[in-house]
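Just so it is clear, A, B, C and D label the chains in written order, and each chain counts residues from 1 on its own.
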């Protein structure tokens, strides 16, 4: 089987995540190792449709392991959702003699990959690259660890100034559907409250909790709020509500936004990306396809795209208990 | 004159700033050097009124030079604005045998100090500690340099992810009355536009400028907005306006908020704080009072409180030109 | 069983590690949660012998989760290796009505704990706190993740300047007996060579490898060297050897030293420390003893001290292969 | 005069410094602003001799303001010290129709520029880019502020772990001839001792001072040592000496090395680089040459190359006094 693959294309797609460059680098160098030609595809599926290709070699990817973002850029492609768009993409790959693809992204990316493989029987292996850690079949996604550190470092700075009396700080972190970033960064930053979409605590319980917190001797509070939490309509409104309903508090807010998607990747994310990049090429060389490479209990593992995107994210209830205890 | 001062009180007041701890440490150790007793006053003028004092020695202030915030805490005091409040404060100082004060803060702090000195003929020397760099008689205030670095590091992370097509990021930084933080951090972060209260550009010119920017080949833009800029009502509203009036742009925003007040101080702020802390005690020992210690062209200098707070902040127009040129 | 434990002592011992403060905080607050009295023991076993105790409550441990080091301090104790020393320690615990201990440290700490438990039948639970990640029964030790990030951030800076022609940088990282820090930080930092005690590559192969590297088009190289590697006598000598035996290279070196033990802990280390701290108190409350709390595949688990310290560290050979491939 | 310059070459030379990229970017964009063609010269004078040129436009320099190092690379050139080498360089500039040069570097760079201008009457303006801050005619050089922050952040981490009893840490920072980095980073990091080439304290006084320090209640010490200090032969030898002559201390050392040359530039260095880059092109446009652009008391100023390189560095004795007082 091994000799079938002579030319691999690599791309990043969807929301970018720190460590994507490290993953591309590992794919390119694993190609060099296996004596396979490697071509970078710019701007994900859209670049595939628009023939935005560039040959890469081991030297093309030097000095990028520590850079946030993705030098191949990332884009969302409406056209790839059409049969016509995918046909164009396929024709371009054939024209360029690309035999197989490594795609780095999240569930949208893998859904596209699965459809493409089903239609054209084209070998694709996926790498989980997203700060949301919401992919099945891998313990961690590339970028998640970095995003947590970024959030925690930002909240640490707020903590420095929070020591005055009766101050309340709201910090919005990413997570439209899942509270993992909020829960972990909230614990990491020592937040007094953590609001997550899985709970949507509600105004009354939040206010009660803040009152208890004050009684226990706390003179200021930090509340970490996941983007997707619906305790308030949004963070501005939430801040207004608290001001109106909790006497004697000065309320301030911070919206971290895309800060969390950038920054130099953590060592964990770089090593993970390196392992998965090598693992993806190994898999293609071994004749595998239609799978995602992940890491489970520190070992590289493989899971079908179908399973990777099937998952329901479940919040770790043990960790919610830990959050409650350490914020006493 | 030198032997008059036997006991100095030190406090921080107003919004806190990185480097305040380094300043307190320098004051305390300069007292040790001059064989003067030193007492820390918690929570600024309010703690002076409430007798919230603690004796400090050289060992009390170890391991704080690198900490953000202020371990003496800071508060605003309504009571100190009343003659009664100030009388209480004076009585507490007398009771504690405190001969002189070093106050670390901004213009509000110095205004209070001036009134207090006028009323009770009490020796006070001030240190400029505020991230706003809006004090006359000093080139830099303690905390300003750190706040700029914090803002720039945050925007760098956004820059990492901004490389997609047609993305526009708004980043709100501090500065209610002055655009210095926005202008400097905007240049430092390579922002495409900088909105400052001194200009209040207006919607039309901003939209025009963004259109030009796009034409010149830029595929994404970062706009740094000072809190006090009134191009839009606020950043949420500004984002909505741009979305509605600039075709084909995805708009995202970040509010840095109090992140800018925290964090480990930069080397510059620590050295500045150390110099000014020593300078303040030197001044009191030399019989000076009713002045602020600042740094002008790398030398420690003294200016009356009256002058320190009289200033109108003027934006550096040369720097606006530089901003325009480097964002071409 | 639950009601047996009324008073827990907590201490840190051995080399300190980032996240120890977060672990102490979690232990103290878990005690509050379980309505158990908690006493901090300063300077590890030595403080136990010297009765250096302080009662802690939920408020005592605020604002420490982000601090490197350990506020309870850490020390090595020769006296605790004697029966007399341990007897004194035991008497002090009894005198203070302490029923059980949580000890945070590495294999030396657990060895001591095991002996103490064997002699006095005293309930002890351990937490793995060491940057070396060399403890059996846990996937990660508290501090390891932070140390890797610290090393990688430092090497990133060297990478920035390494882009001149024919420069070679040696960077010594921690690891007297194990190459894990070198291997992971080396991959993370994109090092061209990684020298670890498990291999002790030897001069000739190292020089050969550097020559190949140069031929492949690399214009500069970073070599990460574990403290315990014996390819050279030490890093100074290694630098000299390369200078003498590899033509046309400028050689520079950096010794990271204790930089790796400090710094604000990463989010991962803080969450790990929080989970394990809560897990330790849970275990004592449930009547367990003579065990270490660890994390295995993201779940809190327990292992006997005997097993925790029995381990031989084995280097991950898959990861060595990844290192070889990504440095092509 | 203004129309004489139609084409500017820009290069970096000597030891690299954080902010050099920001300076290049500013030069390139100021050229765009003035409608002047701009060409990047790789590897300094050596690239000038080897015709290693690339045309640059405003888009070529995007996303580099935050990167350490210099994308034009830097090299030392022996050949440029010969008349032949300089002739080749001149011919290449003429061939490429380059009318003027902006050179970014230190005293070696300016010495070369001066010679070249004298020989060929070629318009050159210099920018001070070096971490050493040892250039006359400017308050600060590009990169100095960042190097101080890097040193201080590293020492902060050591401070975290230094809290055990009787530990002594030596940290070697850059500065072969000047103690400015050591003095400022030592104050910033709260070092107990600072050893600089301007003083070369000597063993006896250092040991005496450490003994006093211990008596005053300090339980551990950090000593910052400038590379060029000759209290000991080198840091390894110094560590051995202290171990042998100061009872009861554990001694550890760290060599920061080239870490100090890298890293993302501070906001100050980026703004400085932006101002000076614009100022350099302004100067050439105005017909100036044979000068360096610097900043004096916050204003852009010009000084002849002759003066820029004539200077004797003098250590700030006031700052030495501050260092002594705050380390009490």
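In this text, a contact is a pair of C-beta atoms (placed from the backbone, for glycine too) under 8 Å apart; a residue touches a chain by one contact, two chains touch by 3 or more.
Chain identities (UniProt): A, B, C, D = ATP-dependent 6-phosphofructokinase.
In this text the structure is predicted, and so the values were computed from the model without any measurement.
Novice: Just give me the whole-number Å value for how far the CA centre of chain B lies from that of chain D.
Specialist: 28
Novice: Just curious, how far off is chain C from chain B if you go by their C-alpha centres, in Å?
Specialist: Roughly 38 Å, centre to centre.
Novice: Report, in whole Å, the distance between the mean C-alpha point of chain C and the mean C-alpha point of chain D.
Specialist: Centre separation, chain C to chain D: 35 Å.
Novice: For chain D, write out the residues touching at least two other chains, lowest number first.
Specialist: If we look for residues of chain D contacting two or more partner chains, we find 156, 159, 163.
Novice: With chains as vertices joined when they touch, what's the shape: line, ring, star, complete or other?
Specialist: Topology of the interface graph: a ring, with each chain touching two neighbours.
Novice: Go through the chains and record each pair that touches.
Specialist: Pairs of chains that touch one another: A-B, A-C, B-D, C-D.
Novice: In the complex, go through chain C and note every residue touching chain D.
Specialist: These residues of chain C touch chain D: 16, 18, 43, 67-70, 73-75, 150, 154, 156-165, 169, 236, 252-263.
Novice: Chain B touches which residues of chain D in the complex?
Specialist: 25-26, 29-30, 32-33, 58-59, 62-63, 65-66, 139, 145, 148-149, 151-153, 156, 159, 163, 184-185, 187-190, 216-218, 264, 266-268, 270-271, 274-275, 277-278, 296-298, 300, 318-319, 321-322, 325-328
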